[in-house]
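Both complexes shown next keep subunit A, but they swap its partner, so subunit B is in the first and subunit C is in the second.
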Partner chain A sequence: MGVLPVRTIGIWMLAVPLAILAIGLAFKGMAAANPSFFFTWPYFIEVLIAGLLQGVMYSLVALGFVLIFKASGIFNFAQGSMVLFAALTIVGFIEMGTHWTIAFFITAGIMVLLAISVERIVLRPLVNQPHIILFMATIGIFFFLDGFAQTIWGSDVKVLDIGIPKTPITVMENANPSDPNDPWQYGILINQYDLIAAAIGAVLVTVLAIFFQYTRTGRALRAVADDHQAALSVGIPLKTIWAIVWSVAGIVALVAGIVWGGKAGVQFSLALIALKALPVLILGGFTSIPGAIVGGLIIGAGEQLAEVFLGPLFGGAIQDWFAYMLALFVLLFRPQGLFGERIIERV
Partner chain B sequence: MAAVTAEESGVGAQAALLDVNNIEVIYDHVILVLKGVSLSVPEGGIVALLGANGAGKTTTLKAISNLLRAERGEVTKGSIELGGERVQALTPNDLVKRGVIQVMEGRHCFEHLTVEENLLTGAYTRGGDRVGIQQDLEMVYGYFPRLKERRGSQAGYTSGGEQQMTAIGRALMSRPKMILLDEPSMGLAPQLVEQIFEIVKRINEEEGVSILLAEQNTNVALKYARYGYILENGRVVLDGEASALRENEDVKEFYLGLSGSDRRSYRDVKHYKRRKRWLS
Partner chain C sequence: MNDVSVDQAPMTSELSTDQSGGPVTGPRLFNEVLLEVNNVSLSFGGVKALSDISFDIKKGEVRAIIGPNGAGKSSMLNCINGFYHPQEGTITYKGKERRQMRPHEAAKTGIARTFQNIALFRGMSTLDNIMTGRLLKMKSNLFWQALYWGPNLKEENEHREKVEHIIDFLEIQDIRKTPVGRLPYGLQKRVELGRALAMEPELLLLDEPMAGMNVEEKEDMCRFVLDVNDQFGTTIALIEHDMGVVMDISDRVVVLDYGRKLADGTPDEVRSNQDVIDAYLGVSH
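Let's look at the complex of A and B:
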């Protein structure tokens, strides 16, 4: 066990910069061949970083899916509406005049309550039914939450501001260029909001990964994911586990809702970012937390780079479909995703 | 052939840990699977539950461990008592806490967890008793040295025998009073079956764990068990000391594949079986 992760990490640390360099060189070559393309290294890196940060935010949404999929084998269609519901709720409390930290804890409590009622009302009667039935039940939850949230809090576009600065910062600036055409003279612009959002995401993921890997409850969660019956037989209470998983997914949805809502405003379309999480999941694997992260990063970066540097070739608007094309390729060659648990089949 | 119940045959000499009294099990509200099964397992005993496919062995075990409810099955009549307390209404979680754990047919290891993590899940109900759990882990590795070698492998990639050992070890981690062992010989080489049964016997003797064993492999089961019940069509048709069952002409013929001294013609055998089916 010990050697393998070290080797894997080594390979990745070598392969990723090389891949980025190769993509950069390819774009540079294209720009050299065709003057209608624009390429400089700082610009490339700027786009890349913006994409990666965007990717972390995709990962945040994807994470909620992975949690529930791991523990119950259900693709939770309602994750997107949970994000919306959480965001609307916290905005609602903030508008009432509560400080955002207090609103956060109240909303987290509501998400836990929601998780417990989902388990009681929807999942418990459906124990041992085929996965497709549970999946359809989550579609029901999606519509319910979607309508319920907007009935309570209204359907206007709302502003969610928890005080994260939105001004961009400049790094690696070469203020006194000796050469007036030095590409580094303006440095690299990084959106501060995205940077902080990414940091929040990173902390959340680390905590979850440790929880899953090393705690008793985490182990029980993974056991339930593998085999409901066997988990029952060793005395793991499915009800408790499911309530925990849905609660955690609810809190992840809350964090995703805050981050996305703060960026794009809280409104109905927030529920649809779930669609962006789909290619992330396919790429990273439905059962892997690191997969959700790396998948998100690849999708985010790939999308931005393709839009900016390949866009002119196709007349723009690549961003909307690039991720799905990528997912399609992964499905063709590696259906379990980059990090998904290998489908173990022994005869 | 009249069903001989445990009470009549006098197993009651020892204190019974588990008493199953005339239970009836119905699946999905319509399918009657057990039609009055009674059995009793003494403290520290090994009791075998024998019978063909579909006789109701697994259902009986699941009725005791209450895994039945998750499969839409229900105990509609009779009672199940553990140390004098009725346990039908308890969840599997409660039952594991009270010391009854089932090792399911077909192993059911957690494929993506390592062997050691599989064992640790067995200790779920014990909470945070780290020292005790670590000791028991060593105890399980003592019984199954093979598992210690494979502790870091994903259980899904280990062999059938290793998976069976993992499943038994996992049950042992809950510090049970009683293990319900369903079909441990399934799909294993005869030599391995003997080996696993030897270990089960050692666990029974050294840890004082009672074992209720459901087996199709009548020969091996009767070798290790002290008492046996034979199920047919959801009823107990015969029970007795393992040694007596081994000598019983009917058992020899139907389950051990040995015919008596006088060879019967195929027609007689068929006739006999058919008559039995009418009766039940």
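Let's look at the complex of A and C:
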């Protein structure tokens, strides 16, 4: 994980635009062959950007999984319900009349408390059990949180508004087209909400990546992920580390909950966006924070482009399965994901 | 490998435990007891791993624990280090008696160790691995760490300097940034030693530091162990199978067999002890 070598970044900076260009040209070719296939470059770019922004939001959810997986090797099934729980809690406080910033800090505090109790009640008795047992425990946490959140705050769909404008903005508009059919005359529409949400996600991810790579606690987290016994022998207290990891994952869940809840309303289905994080994780690798980002971007962009341009050819609704297919495809060639730690095995 | 712990180690249950450690007659004399093991017994279910073991480790010495495979040497280290909790007996460390201790508490009180089958953080670089050894010495709080600024940055730099000294000391400058999972076995052992050294321990436990090494690597490792003892004054307890190495570098040797103590004394005393010879070479019945 962490900072990629410069050489690798160079390759990606070249490969990614080329790949996008190739996809665009392929679509253009298909449009030329098939008149029912609609394609213009501004429209392509608009869909691409919308997809990328959506992708950052997927990454945000995936990030929560990566944090816990890195530090304990557990796939935390409950991450989705943590998102729901956090979103419902912050909406609950806002509805009580608290300003959303104060509500944010209260909810963050509650997520930390939740993390500590998860460590105490669920993880501590299961130390040294196989990972599958811990995974099952997280399924239990999922159902508990899911029910608990709705018992407290009710199961109605709620509106979460923290003042991010939802109107789209237009860029690269050619206001005085010389050609009435100029595709650029309407410019590219970008959803402001998605843009701001993506910015929030980007900041969060950068901070976490630096934290994990360079700080004492970050190093301890990675150490615990690698080898429990060795970590103990250099004096890392496992329990504290787990509490920290779950707290950070809880706060990431809160941010994801705000961003997604603000977009689609706070309701039960928020817990299911965790399912969307799964292909992102497979693509990016379960152990890599940058992987979660890149995975999210690829899934977001890929699924939007497929839905809009290829969808009509299949009769629509590609979006629901495209991401999983992409993930399966990656799994065939790189089982550790694009950025996952390569499995080094000495024989 | 000149592993002496051959399979012909016989049943020695009839042999009495030799307590004749006697006064230390080696060239180096140590007075202050750093760690004392008193009548420690440890069993897993019905299997007795250690029965009634007593010995001490004096401040500043190199203490070897030897014995055939399965003698309970690693179990002994694990008790000292807090991974295992002996059912009976006590361990006195720096004058404080204790029965049970968690490994990270042991680390806090200045006990560092390496493992028989290398336990490094494989995905992390050599530098990061050794830096983890400094974790207990670092104090900056989460807030500054999250900002990666202020006290945290200063602290990181200070500790990085200490770690660079260790890297120089162990002559592993060129693998600083390599993920340790890719290093050859001998170097991994060296990195593990580095991580333990970074903790600036008072007592360093080495579990077979030279196992699986070739002659050159063994010589290097011996040199490092002696230098650590010499330059940092670290007390060292090591488990080793290579008798040549053990006799050369250790001040005193304790011999275990089937969880019992066979002998305890200077290398010369142990070498000439009949029970030890029997345990290693076999007795004719």
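Following the convention adopted for this analysis, the second predicted complex is superposed on the first by the 343 of 347 C-alpha atoms of A that agree within 3 Å, B and C clash if a C-alpha of one lies under 4 Å from a C-alpha of the other, contacts with A are read in each partner's own complex, and residues count from 1 in each chain.
Here, contacts are C-beta pairs under 8 Å (C-beta built on N, C-alpha and C of every residue); 3 or more make two chains touch, one makes a residue touch a chain.
Quick caveat, the model's predicted, so the values are computed rather than measured.
Should the pairing of subunit B and subunit C on subunit A count as a clash or a fit in the superposition?
When both complexes are placed onto subunit A, subunit B and subunit C end up clashing with one another.
Return first, second, both or neither, reflecting whether A:211 touches subunit B, subunit C, both chains, or no partner chain.
In the superposition, A:211 contacts subunit C only.
Examine A:96 and indicate which partner it touches, taking first as subunit B and second as subunit C; both and neither are also allowed.
neither
Looking at A:127, would you say it contacts subunit B, subunit C, both, or neither? Reply first, second, both or neither.
First partner only, subunit B.
In the superposed arrangement, which partner chain does A:33 touch: subunit B (first), subunit C (second), both, or neither?
So A:33 meets neither subunit B nor subunit C here.
A:233 contacts which: subunit B (first), subunit C (second), both, neither?
both
Considering only touches as defined above, state whether A:332 meets subunit B (first), subunit C (second), both or neither.
neither
Taking the superposition on A as described, I'd like to know which of subunit B and subunit C A:220 touches: first, second, both or neither.
So A:220 meets both subunit B and subunit C here.
I'd like to check the shared interface: which positions of subunit A are touched by both subunit B and subunit C across the two complexes?
216, 219-220, 222-223, 225-227, 229-237, 287, 341, 344, 346
Could you list, by residue number, the parts of subunit A that touch subunit C in their complex?
207, 210-211, 214-220, 222-223, 225-227, 229-238, 244, 287, 341, 344, 346
Please output the residues of subunit C touching subunit A within their complex, sorted ascending.
The contact residues of subunit C facing subunit A are 81, 83, 102-104, 107-108, 112-113, 115, 119-124, 128, 131-136, 138, 140, 142, 145-146, 148, 152, 155-156, 179, 181-182, 185, 195-196, 199.
Subunit A touches which residues of subunit B in the complex?
Interface residues on the subunit B side: 65, 67, 70-72, 91-93, 95-97, 101-104, 108-114, 117-118, 120-122, 124-125, 127-128, 152, 154, 156-157, 170-171, 174.
Show which residues of subunit A lie in contact with subunit B when the two form their complex.
1, 127-128, 216, 219-220, 222-223, 225-237, 287, 341, 344, 346
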